[in-house]
Every structure is written in C-alpha cells, then in structure tokens.
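In structure tokens below, several structures.
Both complexes shown next keep subunit A, but they swap its partner, so subunit B is in the first and subunit C is in the second.
Now for the complex of A and B:
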C-alpha cells in the first residue's frame, strides 16, 4: 500500500470521526423528541406512579439535569469510548452490544454472502440467456422479492417451512433446553440460521440479480468484448474474464451499501424470528426509552456505515485501476 | 496468384423493420496475399459488414443470406463455430475504430496481449512474456517493459491503437482487418499509425482489409479500393484508377466532396471598422487530482490567447485534441469561465459580466455544437427547440414560432419539421436545426465547434455550403473550430493554429497552408493523409506511392 493510500485512509478516518460525532449529537436530540422517558417506563412496570419515585429515578439517571448538560456528559463520555450504563439491565452499554454482536454478524453476514453469491449468479445466468425463458423467470422472481415487504416474507416463510412442513425451526438461534456442543451445536445454529438469513438476504439477492443482469448486458455490448471475441476466445472465457469483471463494478457499490447495514439492518428479521441480536436489542430499547442503549446501538451502526463506505472505496480502487484515491 | 480471401455474391440480411432489406447485397471481391485493400463508404453503406461476417462478429439478429467467403478452402459463413474460433485472432485478426474503448480497462496490457497466445498456442508463461515484449517493441511503443504492466487508461489513443495492432499481429495472421483504425485519432497520430500498419504489412506480407470513410487515407495507403453504397459494391479497382478516374456516379460524388488541400483565393480585406469580437490575453487552466497531500495536475487549456474576428469573416481555430481550441470557443461564448483576460463583443467587455448583465449579450454570440445527436433535446419539438431562445429573451411565443418557421426555410428544411422531434431527422438535418437554433437570436457572431466532424463527407459539404451562404447573407462573423485541415483550408479566411493552449501561428489561410512558419503547423500539414492527392497537381501527376501487387 502506497503512502498516498495510507494518507487517504487516514484522512477519511478523521473525517469519519467528525461525521460520527455529528450523528451522535443528532441522535441524542432525536430520541428525546419521543414522548416519555426511561423513568416513566420503569416506574410503570413497577406499578408505581408515585411522583417522588419518578423523581428519584430521574435523579439516579441524571435525567433531571438540563438537556445541554446531559448532552455534554454524553458526548464527553463518548469521546472516552464510554457509552454509559443501560437503565434496565444496569450493564455497560458497550458490553451488552458486544454480547449481542456475534449473533447479528452471523445473521447479516450470512445474508450478505448468500445474497451476493445468489444474486450475481442469477444475474449472470439471466444475462447469458437474455430474452429467453431463464431470463424471464429470474427477472420476474427478482421483481417479486424486490417488491415484497420483508416482514411479510419472514412470517410466510416461518408459517410454511416451520409450521406447515416442520422442516426448520422458526424461533431463536439455538434449540432451547439442549446443551449441544461441537458440530451438533454448529449444525443446530445453522438450521436456525437458514430462515432468517434467507429472508433477510432475499431483497438484496433480487437487487444484485437485477443489477448484475443489466450490467452484464450493457458490458457485453462494449468494444473490448468485441476485441475479446476477435481473439478467438470461447464465449465462456469472454464472459468470465472480460464481461463479468467489468460488470461487477456497480455491484461493488451496492454491496458496500448492504455491508453498511450489517449491524442495524436486521431489526425486522430479528424481531420476527426472535433472533437474539442487536436489532432486537434496539427494538426493545426503543420501547423502554433506554436512551443510553439506544444511542449506543445507533452509534455502533453508524460507525459501521462510515467504516464500510471507506472499505468500499478502497476495494473499488483495487478492482478498478482507473480509480485513484484522492481528496 | 491465388486470392487469400474470396468474397462471392455475399448477401447479408437485416432484421425486419430496418430501413432496407439487405445490409450488403451480392458483394464479390478478392483479397490477395500481401495487398492492402481499402473498403470505402459512408455511414450505413455496409462497408464493415463483410469484415464482421469474416470474423463471426455479426450481431445475432443479422445473418448471412447467401453467398460465401472462402478462406483456406473453408467457407467462413458456414464454418463450425469451434473451427472458426481457431482461425479468429490467429490466421485472421482485427483492429477496431475506438482505441479508447477497445481494450479491457481492468486488464494489464501484457495480460491482454498474451491472452492470444494462451488461447491459440501451448506456449509456456515465460515464452508468452517474451513474445509479448517483442511485440510491443515491434509496434514502436516506448519503454516496452514498463508498458507491459500498464493499464489501458494510462496510455494515449495512439499507444492504445499500437497495443491493439500488437495483439492482432501476435500470431502473424495472413489477414488483418482494420475497421476505421485511425478515425478517432489526431492527424499526426493517424499518420504514424498508417505508417506502422503499412510497414508491418510489408514486413510480414500480411493482407490487409482496411475499412475507412476517408479518401485521404485511401490515397495514402491503398493498393486497391472497393467502394460501397447502401449495401452494394459500386466500384472496385486499383487505387489510382478509382481516385483519379472514378467510373460510378457515387464514387465521383464522394471524391468531389473531399475538400482539396488548396485554399481557394480569397480577397484580402482590410478591416476598417472595429472587430466584432476581440479576445485579449485569455487564460484558462484546468487542474485535476489535487488534494491535501498530492499535487494537482495542471493543464493550460488557454494560455494568453489573443485574436480578433471581423464581420463577414470566417476564422478557423485548428489544432489537435487537447490543444485548447474547444476551451477557447467555449470561453468566448461564456459557457466556460475564463480565469483571466478580456472578451470584447462589439466593443463591450463581456468577460467580467454576471449572468444578468450578460443576458442581452448572449443573443449576439451563438454556438453550433459538435454532436447533432446529443445537442438537441429529444423531448422537445423542433419548433420549441428553435423558439426557446427568443422566448427566453422576451419575444412572444407566437412570434418566436413564426420566426422558427422562417429559420427552417433559411436552413432548407420543410416547415412541417416544426412539430416533429429530433429523432425523426438525420445527422445532417439535425445540424441544420442546430444552426437554425443559433440563428434564432440574429447573432452577429456564430461559433461552430466541430460542427461538421460527426457527419459524412457528402453531408459535410452541404453544411459547409449552408454556413458559407448564411454568413454572406447575414454578414456573420464565424469562429470555426475544426480539426480537419482540409475543411479549414476550404472555408476559412484566416486560421489560428493552437498547440497546448497557445496560439503558434495565425494568418491568411492560403499563406498558412502554403508557407507555414511554425514547426507544429508544418508537421500538422505533413500528416494530412493523401496530401499529394488533390493538392492541385494534375490528376495524372499523382505519384504512384506503391505499385499495386495484383
């Protein structure tokens, strides 16, 4: 890696940190615009509507302080990588997020690679069979998955594969009550993973398939493909060595977008399939007005977006020699 | 001598709904070993069709209807795909028009060339490497070792075309098909590439089928010529016979449309009045790639440019790509902001005006653009396109449309065109519409930025005549940006020669062409293909550059 590249990456990280700070401040105000606060939720759950108890809770969490002061405390803690304590679990926010992180990464990562693989494959096949029946089937299927709401798809998949066929578990990440180890544990998690990962990945599979197909068809009309054919190359080699590589450039951009959602993009899926990940954590935190936890999840997901934007740009410059990293 | 490639009664059918039934019909000609055969024609003449049929590169919807192309005892039109592939890139290879796009942008030069060896031979990796290196040396690329590692975007157009030639000649094919290989190149680069093709052809005794629209190129390199018109072969003969004694009316028309390289005599007028356009010390710099840490690349596109333009005069702005001629023309109409300098239009300084102050001046200087296909809004009718300008300047819509109708008549288009859309017109007709749009403002200065370079030669001649007639009739001052020196010699009263943003020569056209002062001008003029042909020497004096080998 050249000095210029490293300088570029350094510059982008500095800018990224500034962006994150702005996002954190924005989020801080955003969640306080929702009515209610954690004290009310906790008090309500305890069955106590006593004003003094509420006041005590607020004092305990520092919620009685002026807003600007709370912001100052939050931001200055954040600068020291301290995201505070959750109101409910009374755990450091960071630890809780890290605890849930593997489950989410497993789910979103599986969905990510699955959709990339299937999407590109479907796109290549559709482009190769342009205007023949495999193309129509793939295009129509992609359109359907593209248009169907994720939560509906998730529920239908659970209904069909778990309730009706009883093939796959529809709930959680591991079978409850069995202490499996080794391969058994892995295959158990794998089985639990199939439904949520494919539901989550379907949308992007459709997006990649459409994108790859269009891009392949466009690229195959370019002059250098004609040059490749004129060399006497087999059509399959023309496709893999000349068309596909060029056609994948726009797919990289989209994959960068999806990768940015690796942390925060699975709320619906995790909720429907009771997957113990960050998405569900966020969902619960939202209803409990657990400000610190919510802000923490927001912060980690936005950090992920910033990070993957940078990674995408670096990858872009690796796969396309015409692009130079600058500015 | 046996012909190497024999095209016999070849007909290729176009898909239903095309403007004609056959792309080419009943075409027969031979290609002899070691000869250079030029296939000439305008766009749509079907001149590339035979070549594409030979290479198996016809689009799927187009198929050979009847006839045969025989090579080495095989009929290429019905050869099994596997065997055809074995010939392609091996015994018969091809280079293309656009060097900018003909190479895979993601692959290094070495990989692209050695791919040919990989497909057709069983050479080892190190043999492939050595052969590729030798090829790059053969085609005269600088620093071949470094060139191996380069990506296409790091090379100039001429260098890329050399890479293409290296790739095509890798396995010493019997036949090289060159489809307009120099059309997209600058004139000096074109001269070098033509010389290279000719040299390699003699060295390896390759037969070349050279497809071109440019009779200058034909005069420069051809042994024999095939002339195509609307899919039919109208003439076939030795170069000198076809060029100097064309038999068919279409060939005669085409050749007559090539501007001779002699500037006609023009009255040298002494201008008493003030120039309508006076450009003083115009500078424009582009910088790219600069950032916090890296130095920007700085290109001076206009470096202290000074000139005057008078009413009734055509001033040519000539130069190669990157010379800054388009930048200057765009700065003059203030489509681009110059960095410094003055532009006086009828004595008023307009360079420093803001957009509101500039508005009344806008209509006095108008532009005709290069690409007639991209410069008209496809969603608007011709009437709207022409009337939009005057309406923006405050004319009533009804009057503006009436004026548009008059203008269409002026540019020799029917009034019915008013309600039609741009896609219904040919390139030449669209350029007439572009001219009408510019004239809708009754401008005093017309800036034509390569206004004819996208058109076929016979259409070019018509548009040039139209501009000349309008100039006389409306007493316009015309700033004519052009890369084609033949055209410049014909239509310009004076020319400015630009190189790298600087004016290197300026003067009466005849004087510049007959006695150029600057070395750059000299090299430009020397590079014009077929400079000896139609340069005023009597027809029979044309020096036969090379005996035809047939």
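Now for the complex of A and C:
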C-alpha cells in the first residue's frame, strides 16, 4: 500500500472519530426526547412503587442531575472508552455488548455471505439467460423475497420447518442443557442458525440478484465486451473476467451498506427466533429507556458504519484499479 | 397472656400433601419454562418485577406460603401466634434450614431482611412496615413483631414476593444494590442458581440440601427468553417448552394451544394477585370530571362481549374496586349492566356537549389494543366522541403519572387485602404527580378516606368487613374509575408436569413441589 493510501486512511479515521462524537451527542439528546424514563419503566414492571423508590432509582442512575452535567459525564466517560452501566442489568454496557456480539456477528455474517454468494450467482445466471425462463424464475423469486415482510417469512419458516416438518429448532442459538462440546456443539449451533440466517439473508439475496443482473446486462452491451468476444475469448471467461468484474461495483457499494449494519443486527429476525443478539438488546433497551445501553449500541453500530464505509472505499480500488484513493 | 395458635397444627406436614394429595410423585427430569420479559435481576428483595418473582420465587422463600383461599401455611416459619389485643405477632422459625452457601438460616436473617434491607428497597412492604413498631429476635428461632396498632393484612405479608428472606451474612454492611450476590442469588429455596445467559436462558438446579425432605422432585429448571409472542406459542407447540406461565402468549393463541394433545390449562395461582383491570377516568378535567359521565361510561361498556371475544371467557366482570377473590369483597353491590339507553340518558342529563375524549391504549400487547377499539366503539355508540391515543410503555407511564389523559387502561394487583392493593388507588392522600400507580385519577372523597384508614387497623376482621362494605358501595356510586374485569391468565402446560400450581402465587413458587410423570 502506498504512503498516499495510508495517509488517506489515517485522515478518514480522524474524521470518522469526529463524526462519532457528534453522533454520540446527537443521540444523547435524541433519546431523551422520548417520553418517560428508565426508572418509571423499571418500577412499572413491578406493578407497585412509591416516590421514594423512583427517587432512589433516579439517583442511582444519575438522572437527578441536570442534563448538561449528564452529557458532560457521558462524553468524558466515552472519551475514556467507558460506556457506563446499564440501568436494567447493572452490568457494564461494553461487557453486555461484547457478550451479545458473537451471536450477532454469526447471524448477520452468515446471512451476509450467504446473500452475497447466492445473490451474485443468481444475478449472473439471470443475466446470462436474459429473457429466457431461468431469468424469469429468478426475477420473480427475487421480487417476492424483496417484497415479503421479514417477520412474516420468519414465522412461516418456523411453522413449516419446526412445527410441521420438525426438522429445525424454532428458537435460541443452541440446545440448552445438553452441554455439547466440539463438533457436536458446532453442528448444534449450525442447525439453529439455518432458519434465522436464511430468512435474514433472503431479502439481501434478492437485492443483490436484481442489482447484479441489471448491472451485468448493462455492462455486457459495452464496447470492451464486444472486443473481448471478437478476439475469440470463451463466453464463460468473458462473463467472469470482463463483465462480472465491472458489473460488481454497485454490488460492492450495497454490500458495504449492509456490512455497516452487521452489528446493529437484525431486530426482527433476532426477535422472532429468540436469537440472543445485539439487535434485540437495542430494541429492548429502547422500550426500557435504558439510555446508557442504547447509546452504547448506537455508538458501536455507528463506529461500524464508519469503518465499513472506509473498507468499501478501499475495496473499490481492488475491484477497479482505475479508482484512486486521495483526499 | 393467652395466645391464639394458628399455624402449629399443620406445621409438621409439607404444604402439598396437606391440600392436594396426588399419586406418588416421581423424582427427576427437566422443566422448560418461558420467561417474558427477561427480568432485570433475580434479586427478589430489590426488584419486584413480575418475572423476577417468577424465577426468584424458586430460589428465595418467604416465611409462609398461601393456599388458594389465601390461608397461610408454614414454610420458613413453622408456627405463629397473635396476642389478644392483635398487636404482638410471634413467629417460630424452622430449624436446620441452610442458605445455598451452607450457612444456617436464623432469626437474625429475618430481622435483617425485613427491618433493614427490605425496608430500604421494597416500596410495597415499606408502606406496611409503617404499622410495625419493632422487630426483635429473642432467640435464634423466634421473631417478635410489635405493631403500633392491630394491622389486619399483616398475616398476608409473608409470601416470597412481598417479604423474601435474604442472607444477612452476605448483605449486611454492603451497598445492597451493588452487592455481587445480586448476580448470583443465594436463598433458602428449592432451587439454586446456576447460570444466566443474558438474552437466552436462566438455569436453576435442584437444591440437594433443601429443608423440606423429599423436595424438590425436579432436577433442572430452564427459563427461556423468547421475546416474540408468536414464537413462544411455536416453541410450546414443538414441545421445547413445557410451561407457558399465564399471560405469556397472546389471548388469540390460547384456544389453539389448549386444544393441542397432552396440553393442560389452569387459571389457578393468581388468587393472591387477583389482577383487577379498569379504565382510568381523569376526575379533574373534561367530561370525565362529571360523575354522571363516568356512570355513563360504565353503562356504555359491553364488558361481556370483551370477556368472551378478547379473553376467551376467562375472568370475571368486575363489580367494583375489590376483586371477588380478595377478602372483604361485598357480594351485594349493585350492577352496572350493559345499558346504552341509560348511558345516553345520563349524558343528556348532564347535557354533554360532545367534547371529544382521548382514549389512551395500553401498550401491553394485542389484546389491549383490541380492547381499546372495543371501548371506543362502545363509547361512540352512546354518543361519546373518542380519539385513540397510542404510545409505548414508557410514554404511557409518563402520561398517566403527569395526569395527561382522559381515559386509559390499567390493571393492578390486589395482594390479598384491600389495605394492600385497593386503597392505594382511591385514598386522596395518595394523589401525587409522578407515579402511575397511585390515585392517578384524582378521586377525592373525605368520607372514603376516613373509612379506608379506619379499616386498615380495625380489629377484629368483622369490623373491617363492615367498613369495606360501606367503602365499596360509596365508590361504586362515585365511579372514580371504570372497572372492567378481574383478569385470569391461563397457565398452559404439558400434562406430564404434575402438581404445577399449588399456591396463591402460582408459578412464582411452583417448581419446588411440581414433578414430572415419566
């Protein structure tokens, strides 16, 4: 990597850190605009409480302090990489996020690669068989998966594969209480992963398939493809080395966007399949007004978006050497 | 001093065999239960959230258990006596009880738990402790409560959710909220804490040194966190879940699930809580400030319809402020039957000008959403313009607490005695902005206040009954809130689980006595 590239990456990282700080402050005010507070929600689940208890909770959470002071505490802690304590579980936010991170990465990562692989494959096939039946089948299927609400698809998959066929588990990440180890454990997790990863992946598969197909068809009409064909190159090689490589750029852009969401997780999929990931953590924190936890998840996810945008830009150069990184 | 012996007769028998004799229980097995929502903590002394009680009630214990008629039975206390003037209660503790870490349980733990820890952390008990003058331990296995005046509900304070026994040797002198034992609870109960994988499951295992011989029968207990209601139903259908505690699936799934093979259902185990649902009516402003309008709301509601369609006919139409399973319920209360004509007449009499009222839905799932729609339709049929307002749990709490509503829903527990779970909603001394669980409707009736305060400390019970009758008749006339139903949440479970619910708090302390038919 050239010095110029490294300088570029360094500059982007500095800018990214500034962006993150602004986002954190913005989020801080944003979630406090929602009505209610964590003390009331926590006490509310108890069904009975008094003013003393609410006051105790607010003092414990530091919510009795003026807002500017809370912000100051939050930002200065954040500068030292301390995200605070969750109100509800009384655990360090960072620990809780890290505890949930592997489950989320496994799910979103599996869905990501699955959709990228299947989507590009389907797109290439559809483009190659343009206006013939495989193209129609793929286009229609992609449209259906694109338009179907994820939670409905998830429920139907659970009903069919878990209740009716009894092939796959319907909830959780592993079989609880069997203390599996080694390969047994891996295959157990794999089995639990199939339904959530494929429902989550289907939507993006559809997106990638449509994107790849369109891009492939457009590219295959360009002059350099004609040249490649004219010099007698095998059609399959033309497709993979000339058309596909050029057609991939928009797909990479989109994949970068999806990758940015990897940490944010998949709220719906995680909820329906009781997958213990970060999306659910965030969703629950929102309803429980667990400010620290919510801000922590927001922070980690926005950091990921910034990071993956950078990675996407670097990958552009690899896919298309004509693109240069510069300020 | 002559004393009344209450508990000693049945003291030597374990709770179950005395009441629900069944076929010979078998040892062993695992039970999988749903827990929704995931509790914030299992430390039952500091969190009284419903699911904290559900799981924690199997780790911790109170001095007593209560049967479905709310009679106390021995658990950590083997016997108790009340002095003739009703002001001194003496409790005799069970000997040979060990905490999960092996330390002995003694009267020092009882005094510490109630006088120190719970007085500081448990809002619900704090109110009742105002009636207690002193708590002392003359010896290791005796505790004496000296009351300022006789306090009728005293004997119903000792279930595990209200007054759990907590280990003094772990908590004394520490910051209770930050004690590491909160993450690894230590109780005296039939199950010991093993593991909590946040977002997935909580694992409890049999307490091998449990103080009741032969119990528990179950080896392992798993509480699964499944956030989606439909997925909870599916998990039960696939057989991965054995027990769905009341309220953990949507009502419209209940008929389908109860018809599955090998599926049992019970509405028992809610007697102590007796969840009572009503509509908050803002007594301060707008049309709802007029008594005739509030009565019109009562006549306008087709509660039978809601009960059969939304609640699958589980539950009972509420007649007034006190639930029919709670002590001192007056059977002779007048009825507000479904009568739109009467409602229209009342509205005409007060010359209601068509001012629209806001009806705030309760964000507790589909059933409540639909109930809101039913009420809206009922009200509009008699000419009350109604706008539905939607919000989430935090917003709903806040709006009720700030009195920023016209009509909204709630349901609260009765805790076995009107002085514990009913008076809080109607006492004018309990009007304070900032909490959605007090007299949030703003009802003020000095006569009712007086009666309530008298009834809490009247002695003996017959005097209390008279006062509560007067109260009920007056409140039913005033309609400070519009009572909907006494809710029943069916617990759905695999029939292989035997003797699941055998106390007035249901699944909250069920698994110590439950067993699995092999």
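Just so we're on the same page, the second predicted complex is superposed on the first by the 323 of 327 C-alpha atoms of A that agree within 3 Å, B and C clash if a C-alpha of one lies under 4 Å from a C-alpha of the other, contacts with A are read in each partner's own complex, and residues count from 1 in each chain.
In the analysis below, a residue touches a chain if its C-beta (ideal position, glycine included) is under 8 Å from a C-beta of that chain, and two chains touch if they have at least 3 such contacts.
These numbers come from a predicted model, not from an experiment.
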item: When subunit B and subunit C are modelled together on subunit A, clash or fit; value: fit
item: Partner chain in contact with A:147 - subunit B first, subunit C second, else both or neither; value: neither
item: A:289 touches, of subunit B and subunit C: first, second, both or neither?; value: second
item: Subunit A as apex of subunit B and subunit C, Cα-centre angle in degrees (nearest 10); value: 150
item: Which superposed partner A:37 touches (first subunit B, second subunit C, both, neither); value: second
item: Partner chain(s) touched by A:7 [first = subunit B, second = subunit C, both, neither]; value: first
item: More subunit A residues in contact - subunit B or subunit C; value: C
item: Contacts of A:165 with subunit B and subunit C, given as first, second, both or neither; value: neither
item: First, second, both or neither for A:227, with subunit B first and subunit C second; value: first
item: Least Cα gap, in Å, left between subunit B and subunit C after the two complexes are fitted on chain A; value: 46
item: Residues on subunit A lying within both footprints (that of subunit B and that of subunit C); value: none
item: Contacting residues of subunit B [partner subunit A, same complex]; value: 55-57, 85-90, 93-94, 96, 98, 101-107, 115-116, 119-120, 151, 153, 164, 167-168, 289-294
item: Interfacial residue positions of subunit A with respect to subunit B in the complex; value: 4, 7-8, 11, 222-224, 226-234, 237, 241-242, 245-246, 319-322, 324, 326-327
item: List of subunit A residues in touch with subunit C within their complex; value: 34-37, 40-54, 56, 60, 88-91, 96, 99-100, 103, 155, 158-159, 162-163, 166, 169-173, 176-177, 271-274, 276-277, 280-281, 284, 287-289
item: Residues of subunit C defined as touching subunit A within the complex; value: 30, 32, 37-38, 40-41, 47-51, 121, 123-124, 126-127, 177-178, 182-183, 197-201, 203, 220, 222, 224-228, 230-231, 234-235, 237-238, 240, 391-399, 401, 412-413, 415, 421, 424, 432, 434-438
